[in-house]
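Just so it is clear, A, B, C and D label the chains in written order, and each chain counts residues from 1 on its own.
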Amino acid sequence: MNTATGTSALPYTFLGPEGTFTESALLMVPGAASAERVPSTNAADALARVRAGRARAAMLPIENSIEGGVPATLDAISNGVELRILHEVVVPVSFVLVAPADVSLQDVTHVGTHPHAWAQTRNWFQDHLPDAVHVPANSTAAAAHQLLGAGAAFQAAVCAPLVAEQTGLSVLAAGIEDNIGAVTRFVLVGPPGELPEPTGADKTTLAIPLPEDRPGALMEILEQFASRGVNLNRIESRPTGQFLGHYIFSVDVDGHIRDARVADALRGLHRVSPEMRFLGSYPRADQQPPLIREHNADAAFDEAAAWVGTLLG
Amino acid sequence: MNTATGTSALPYTFLGPEGTFTESALLMVPGAASAERVPSTNAADALARVRAGRARAAMLPIENSIEGGVPATLDAISNGVELRILHEVVVPVSFVLVAPADVSLQDVTHVGTHPHAWAQTRNWFQDHLPDAVHVPANSTAAAAHQLLGAGAAFQAAVCAPLVAEQTGLSVLAAGIEDNIGAVTRFVLVGPPGELPEPTGADKTTLAIPLPEDRPGALMEILEQFASRGVNLNRIESRPTGQFLGHYIFSVDVDGHIRDARVADALRGLHRVSPEMRFLGSYPRADQQPPLIREHNADAAFDEAAAWVGTLLG
Amino acid sequence: MNTATGTSALPYTFLGPEGTFTESALLMVPGAASAERVPSTNAADALARVRAGRARAAMLPIENSIEGGVPATLDAISNGVELRILHEVVVPVSFVLVAPADVSLQDVTHVGTHPHAWAQTRNWFQDHLPDAVHVPANSTAAAAHQLLGAGAAFQAAVCAPLVAEQTGLSVLAAGIEDNIGAVTRFVLVGPPGELPEPTGADKTTLAIPLPEDRPGALMEILEQFASRGVNLNRIESRPTGQFLGHYIFSVDVDGHIRDARVADALRGLHRVSPEMRFLGSYPRADQQPPLIREHNADAAFDEAAAWVGTLLG
Amino acid sequence: MNTATGTSALPYTFLGPEGTFTESALLMVPGAASAERVPSTNAADALARVRAGRARAAMLPIENSIEGGVPATLDAISNGVELRILHEVVVPVSFVLVAPADVSLQDVTHVGTHPHAWAQTRNWFQDHLPDAVHVPANSTAAAAHQLLGAGAAFQAAVCAPLVAEQTGLSVLAAGIEDNIGAVTRFVLVGPPGELPEPTGADKTTLAIPLPEDRPGALMEILEQFASRGVNLNRIESRPTGQFLGHYIFSVDVDGHIRDARVADALRGLHRVSPEMRFLGSYPRADQQPPLIREHNADAAFDEAAAWVGTLLG
């Protein structure tokens, strides 16, 4: 902010503390490894930093193949000043059990970690430390860092492999996660601005409040996608925080807003749910292009628009 | 066409002969009563006259509340050089039994008329002349006119009241139609040109070939209407004349192509069925405006387009 | 056939006169060639004969690849005492021009035939007898038979090859139809009774009045089919004969009422349109079995019913 | 209830510890106040107790008007041995800040509570204790109970009013929740057995895995409801825990499985998604009966089944 070169001098932020899977995800963004990186304590704080112009973008977990959507991220993106998802990263989830060098497995009676990590390692503990007691922490990395100081209420922590490296704690066990193959999807969120260029394998994220005044509104929303051949690949309901039964649907669809079928579906959705938010079009992490039928391709939309234009004179 | 006054010097044509309900319908078009009117022998000939620039427009029956769509008209409009429906007229259907002055009811053993008129007066004949034999004619008026000459193979004819007036034949019985309240809808068809101005109570007619390469295509077509809140008020299937099971759907919807929801549905339909024909937007004969929900009104479409425009930069 | 009791002693009837394509179709029904066959003058009369117990079944044209559905047949089946389609036959359409032995092509100034046959031979006449005048007849065969007597108002007739054979008239030209490959579909209609056994390649015909009290009713009807995986292969609208815009949809679907998915769709349709008529399940003429996805097969329906049954206790 | 044998002698369990909103909800179940009540440490443990026959039913939070569905509950119900929701209770959410008698507001530097409660009181802390640090606890009640012993890492706790009463801690501030009017919905979950009787204002809960092998599967699922007129009033996606993009939809619909339209929709859903789970039909907490259109009422289903039965003979 105090340099002449604008946002590129700003740091990135991420859901901290250091060493979480989120920092690993940020490090996969081109240029981020060599840029300043500031941890934030939660998703809302990270986005507040971006909104205030104190960070150029924030890396946040948005979906976990075990736990589902990350509500704090979904809600922080969908409310407040508009932001855009610029990039997605998918990171495999793997856990290690770490402890100070003088602690061995049989010494462990209490284990510190984030409740999600605890939930995802139940089988290993059932088999190896059935009597271990969980001490909740705000993040897996936070638990590990507490072991470096004095007075931790536990002897070992469950955390990401990166934290073990960064802290130098010893690894009592590795690969202790229940679901081999679990992944977490992260998104890099920045201020609105230039749209990332379409790559042919893109994703668009939307937050669509369900209109409450009429039955069948969800069908009506899905119809806007179906009538343009736009395929959904994630749909999650989030409460609006006002009444039971009032939802915002968080949706990922195949394609970029610069694809005619996506732009046209967005026009239809804006009518049906005027408070809908566009949260960005960005390259898919898996680089898989969708199958688009000819009548839903850009050329078909252009030709249709030209044809109606001729009729209208 | 080679006169200084343009198309207004051209005659109107209509499904003849003179005195049919079709001429009655043409007489209801402003200015037609004082214009030259030329009968055509069938729908194809009437439209050929318009396409060749020898008539400014043709009045044809398109739908009958008893018999349904008039195939000859639907097919003649949907194929060949493009034409437009400019105007619709709805005329009540009523029949009279006419004969020369010296014929009385008990003399009648054979009755000439068009098969449709015969079909629509079955009850009256069952009750009053159960043994009468039908002699088919090309039109109700043609049958009546044959009674004026010699050698008709029947003693009486079923026709429209207007023919009785025009020919001076005596009316043996009036109001002999089975369905009190039956009506026929006629359309005035001209060359493409200026679209009639929207009135707020308009109708748009389309001919939509059913794409044959995929199941569910009819649902896909209806979805294009539903997703824009466009209401269908007539749908008829017509074979394409190629194979059993290949159809063109002839459809009337509420609204004018200058209504944003109709134009947008047409864009969608053109993609799904590229051979679709626009057959005109014109005022409804009954002047009943449709109920349009706010999110399907022009303002909602404009706002949605503007919103997406802003996102696209 | 020549026994004194039961329906087997009753004659078949068909849309006459003798020698029409309809009689050709009837001759393809097993046993019909050796049975008594009585022509009827129109579809309503043929079905009246069946309803009165004076014929065991009636053969009628129901759909033509050129002209579309045959309204008289569709309406006669859909109204009045319930009947069932028992069998379908598809016959190629081909026309010949016939005349008495002493007439040559250049003598022909007037041609007698049914308007449909006239419509389907326009090109040939345009090329070979452009000035020939059409004299309408009630059927192609009727026109030909008139040539056998005196006083016909025409010198030649357009009819089916079978009529040329039966009458001995000379054939001036053969294969004069415009659309090579045109076919007509005929149905054999009898009283309700035993359902034909499912063959695995069956068709079910329904007459479904469109509920008039709500928009979207057509979508609601199609949804009953779609939600059970039942594929439509013909849909035609017919007016109810009461008001413009009031329709009965005449529909053919893949499958037999003894197929669980068809029976279940019929339950749904009966709720949505209680006046719906079941017009029969019968083997397809083309013997093509439909593709049924596993979750729409009988076993899936049985299992689903059993599962819900268990829950209900 | 006071016999020595059978389930009535078994205790209820609930998401503990004592004093949470969940215990408040359980106390609203008829008979529960006088029954034995055992806290469980999490949803999985509570249901394990029911599945093992050591508790007759478990009260669990299922949906919060701020935070949305409670994943732990949704997942615990949807997996493992089948269970049934028997009862629902809706409880208003209100928080108090409590501390030992000798602590005043200005002494508070650290606050213990469950992260959800912390998230729902951000505004109050921003205004009154902007520098307070959150110490996460497994439940609001657990945090409060820690204040009763020595060595708590915080001076005050955010919890439910009931806990303040039970513990005797002093209330530093009441009604500190951000969203006035927030509520939590709880469900009482027991073993399968007798279905609760339909009351006319019932709800049915389902867990429907989204079939992964075909696009449009969500539309297909919604169609099963729509084609029987069954209204959805909650839909949430939960990951299956296998791959990103693999979901189970947790759904509440209007009506009881003994309502014909619900049973019929379940039959259709079982075909489309054979792993679907029925999680119970039970009276709505708000006792609001749904509007059922005549063609979706039990009588319409009965009549349709009878009609098809007659056709099948």
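As a convention for this text, a residue touches a chain if its C-beta (ideal position, glycine included) is under 8 Å from a C-beta of that chain, and two chains touch if they have at least 3 such contacts.
In this text the structure is predicted, and so the values were computed from the model without any measurement.
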Inter-chain centre distance, subunit B versus subunit C - centres from mean C-alpha coordinates, in Å: 26
Whole-Å gap between the CA centroids of subunit A and subunit C: 60
Going by residue number, subunit D touches two or more other chains at 226
Topology of the chain contact graph, where touching chains are joined (line, ring, star, complete, other): ring
Which chains touch which? A-B, A-D, B-C, C-D
Can you tell me which positions in subunit D touch subunit A when the two form their complex? 63-69, 71, 90, 119, 134, 136-138, 179, 181-183, 185, 215-216, 218-219, 222, 226, 231-239, 241-247
For a test of understanding, state which residues of subunit A touch subunit B in their complex under the given definition. 194-195, 220, 223-224, 226-228, 257-258, 263-264, 266-268, 270-272, 274, 278, 295-296, 300-301, 303-305, 307-308, 311-313
